[in-house]
């Protein structure tokens, strides 16, 4: 593939993004039919952050962060930088200077299938990152990659403009054109959960709440007392 | 194996469990003769929790949390849910609704050789979990497994009614009938450590405190000055 | 190799060590020409610690911590204990009693390519550890190893007396005789970064700040609008 | 996503597929601009096989091979079955009976981001498989997935009808519409290599053959005799 | 646990063992209800071996093969040595001299959740090994373990006298008292497979052979032509 | 570190190298006192090769094989190319063209802590490679590294001119100045083994041959009949 930088204006609707940020990763993932999740190797550098925004994608060579500089120019307020590599890599391709630049452009955070460094500074800046590794390993700026092409990041397909939702549970990708439908399904699911939570807290069993006893019996589940 | 749910009344003595909770994982493991430990891939979702309780065991199909619902009905106050899978899996088989239900039954926490989700909620609820992964990946409810059968969880054999001790150092399994003896050995070991800690803090060397110098010399250890 | 304990007086200059502690791992690693880093599998047991000191090295048999006791006698104030194993191992070779002893000798912390335990106690004591694992697995004291020989620890070569710098980004090794030059290069690099940080925060792009546009064009980077 | 089976007639041109089979994975991957490769965790069950064919894709639940039975009905002569899972899994989802069925339909082989079993039988049948694991672990048939939707398999995006090339070096995916161009680029590359191989075998250095000396000098490479 | 060597006479019936050797791992595992399998990280050192025999178990310290020497004395003709470690380890705990000794005692092979070495010699001797690693790393003989106690080996519980079945698909453990029933179930399953294999080879689909179409439809599977 | 290429004439004595090739990895590693071994992740691309030769070392950037071309010019007959990376990487940095060039210079083989490709061709050429991965992933030629500097490769320290021994058991590094002593110790060890092998084959137990019974008893080993 010829290295290329795509200037795109595609963004998901702001209201849907705000809803997804409120729902979080697990509910969004369920609302999508249990798809779109990145691998659990993607972990936040500090607990408690939750963001949602449009993806600006980068495809980089392992150990080379040149294209991240290119991508930052294309960031708009509310965007999230998503960095994939052409091969597995844990180098610290991103640190506090790049984060300063992303924040100055209105970017919300970083999702990177490689390493990140300066994590103490990033934590103090309140700049959230989801990565496969923390590593001080420095990188070169020698080989072109691409910006805003579709990428596979930590096992998930990401198109530029897709909505990224990230929190302590991981990272999920919502295709741009499905964002509103997923947000609606998620809100419905959440409303539904509140009543369940109350009933479970009161001691009602999931077996009864979800009506599972019949299905279990039909599947052949047998109960036995230990001494029988 | 036919899927089966065993109703058991076997529990370890409360006093032994309370002692083991006070001793923690490392001391308990030493008191057992360095056995019973789960693999270090089992990590707590937040720091500082320490629990001990009777195991209620689940053997589940990867990606299927049906049997966890079944097991919750069998929980008694002070029990710990222990979930093993028939194959390696990191799916988020357990979240805040299930935790609400476990807490309503008096369960103390979860040990799962798979993934967990809603970790921010679980942390706020003070519901401790030790797992091999954090993952939003949703699960199905389609295939039977078993409850309260012996399981191998993260490399350790667990019988229903065994005592699980879990803290920041990991998870250890104490066979039910050994719980009192192990607790006694652990208390003795701990009493012993207090004096050692004081002497080491005062600058005494372990080489002298434990009388190691002779054994090292007999094994042939040689000291050399760099320039000699 | 015959097991041996080397008594050495080689230490790096205190001023250089203090400088490196201030610079931290990522800056030090860059100042060394991007060398000397341990693998990112080495993680701190708690966030926020940053230390630098002279290495006292241990080469141990997996599952055997006898030589750590030997090494502690050789620690001087400001030293850092560095433990390598002859084979991959995650056993908890070090706990709160050993940490008490290290602190009593003036040691600053531990870097171990194996496991550590009693992490709650170590955290409360403010004793920092970088390790590949947290594990309660106890160890034996049966086989000799060596102290203060060159070791490969987590992929990095460490000579006794080299400077170890460790923080949230990982662990880097600075050869003793290069410590002053690396510290000087690091201070220069850091001074340089302050201006960059200010300009990036003001919205200037890295592409312009670092003058990258020409190099990217020369390498053949193409920009394209999505609809063209 | 609603589970769905797509009946598609999209196939790449036979001549391009034949060319790609001749070129093999490494040359095809280079001809694509170093893209499209699955992760190196995908290994053949026996050495020496090389196949190319149109992908029929399956998205399966971990530990559940129901949809593989569904997909086999859609296989045409020369197709390759590509199985992705919704979460990491190593279960033996495929064995000699399924292979018998695939061969009866004219299928060429299997690429599966999970496990395979009966590998001795498969080897004797000459049925090639690339998988992440070999495992006897049996699977259930309980949960729907999809057939002939785009999937991410071992880190690579695969659309139904894309060309899969697999050999001892791994597995590469060629988008259907690029198959002819990639085949042409690969043939050109290969022709080019024959002359290079002859010259290198005669002792000519790559430094001269590829004209690298100037670039290395410009980048600042320094040669030094050991004693200087 | 006090280190102990148990002299046991428990063996499974020879006829059942012979049957299981004929059935192989995958069929045996299915006949057991999909239980008893070791992790797929256990791989044979050469392809094509298939053995079944009574387990003589060893629990060893990582990096220490002393107890293997002890266990060999207890081997009877037709036994298989099963070595578990108290912590993850890949050291080469077994080589051609030990294999010579095992063969002289009539032992059939080795299953070890650690490393093995001299694999070229072992291959030439026709001595089959299933291990998690191949490694030349030598071991010490310094710390006691146990022989013929129940062990967890590669995730599976093994009692002395259980039947081990091992081939290219991995390793499965059949509890001694279930050996005859499992062998019977396996033979029945195999007889059943021959007819299926013939029909599938003739082009009949698994969908029809196993009557899956109704279940799939009831579960909601939808077929769609690409252009509809 | 400034990138640098060192021209060195240091080589180990030919006779010692020939002896080590005959002894193989496991015996050499034992003769060195169980040191110098690379990690067991280093595997041969085909079984049965055994080589020994002087190391020519390369330190490369992940995903960049430029320096391998530089190193080949420095190869002398009987040398082995040893490639380390500045960060973990599995890219296919070496293929059949480079192997053709190495063979034309008299090089014996490759040890690379990264990936290799064209393995079918390399196998047919009889060019042995030990690597951490097989991968078709292509590399760039953009960033300098160094040749003939000391490197850490797969956990082992290698100086240029050290002797590399590699076979089916892995890869071991013998420091140049120790080569003759290690070869002598290895020959002695091997002579010793022949008698042991004969006695073990005749049924003598290692317990008796090595006189272990007393040590085991002194360490406290207890034998017990199952029913006592």
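Here are a few things to note about the model shown:
In order of appearance the chains are A, B, C, D, E and F, and numbering begins at 1 in each one.
We adopt the following convention: contacts are C-beta pairs under 8 Å (C-beta built on N, C-alpha and C of every residue); 3 or more make two chains touch, one makes a residue touch a chain.
No experiment lies behind these values; they were computed from the predicted model shown.
The pair from D-F, C-F or C-E that reproduces the interface of B-D, where over half of the contact pairs by residue number are the same, turns out to be C-E.
At the interface between chain A and chain B, two copies of one sequence, fewer than half of the residue numbers in use appear on both sides, so the contact is built from largely different positions. We define each chain's centre as the mean of its Cα atoms; on that basis chain C and chain D are separated by 40 Å. Rounded to whole angstrom, the centroid-to-centroid distance between chain B and chain C, based on C-alpha atoms, equals 30 Å.
Chain A and chain D, compared by their mean Cα positions, are separated by 28 Å.
Counting partner chains per residue, chain A shows two or more touched chains at residues 2, 34, 86, 88, 90, 135, 137, 143. Arrangement of the chains shown, judged by which pairs touch: an irregular graph that fits none of the line, ring, star or complete shapes. Contact between chains, using the touch rule, shows up for A-B, A-C, A-D, A-F, B-C, B-D, B-E, C-E, C-F, D-E, D-F, E-F.
Partner chain C is touched in their complex by these residues of chain E: 61-64, 86-91, 135, 137, 140, 142-143.
Chain F meets chain C in the complex at residues 1-2, 32-35, 39, 86, 88, 150, 152, 155-157. Chain A meets chain B in the complex at residues 24-26, 29-30, 34, 37, 40, 43, 47-48, 50, 167-170, 172, 193, 196-197, 200-203, 205-207, 210, 212, 215-216, 219-226. Residues of chain B that touch chain A in their complex: 2-10, 46, 66, 69-70, 72-73, 90, 92, 95-98, 100-101, 103-105, 115, 117-120, 123, 133-138, 141, 143-144, 148.
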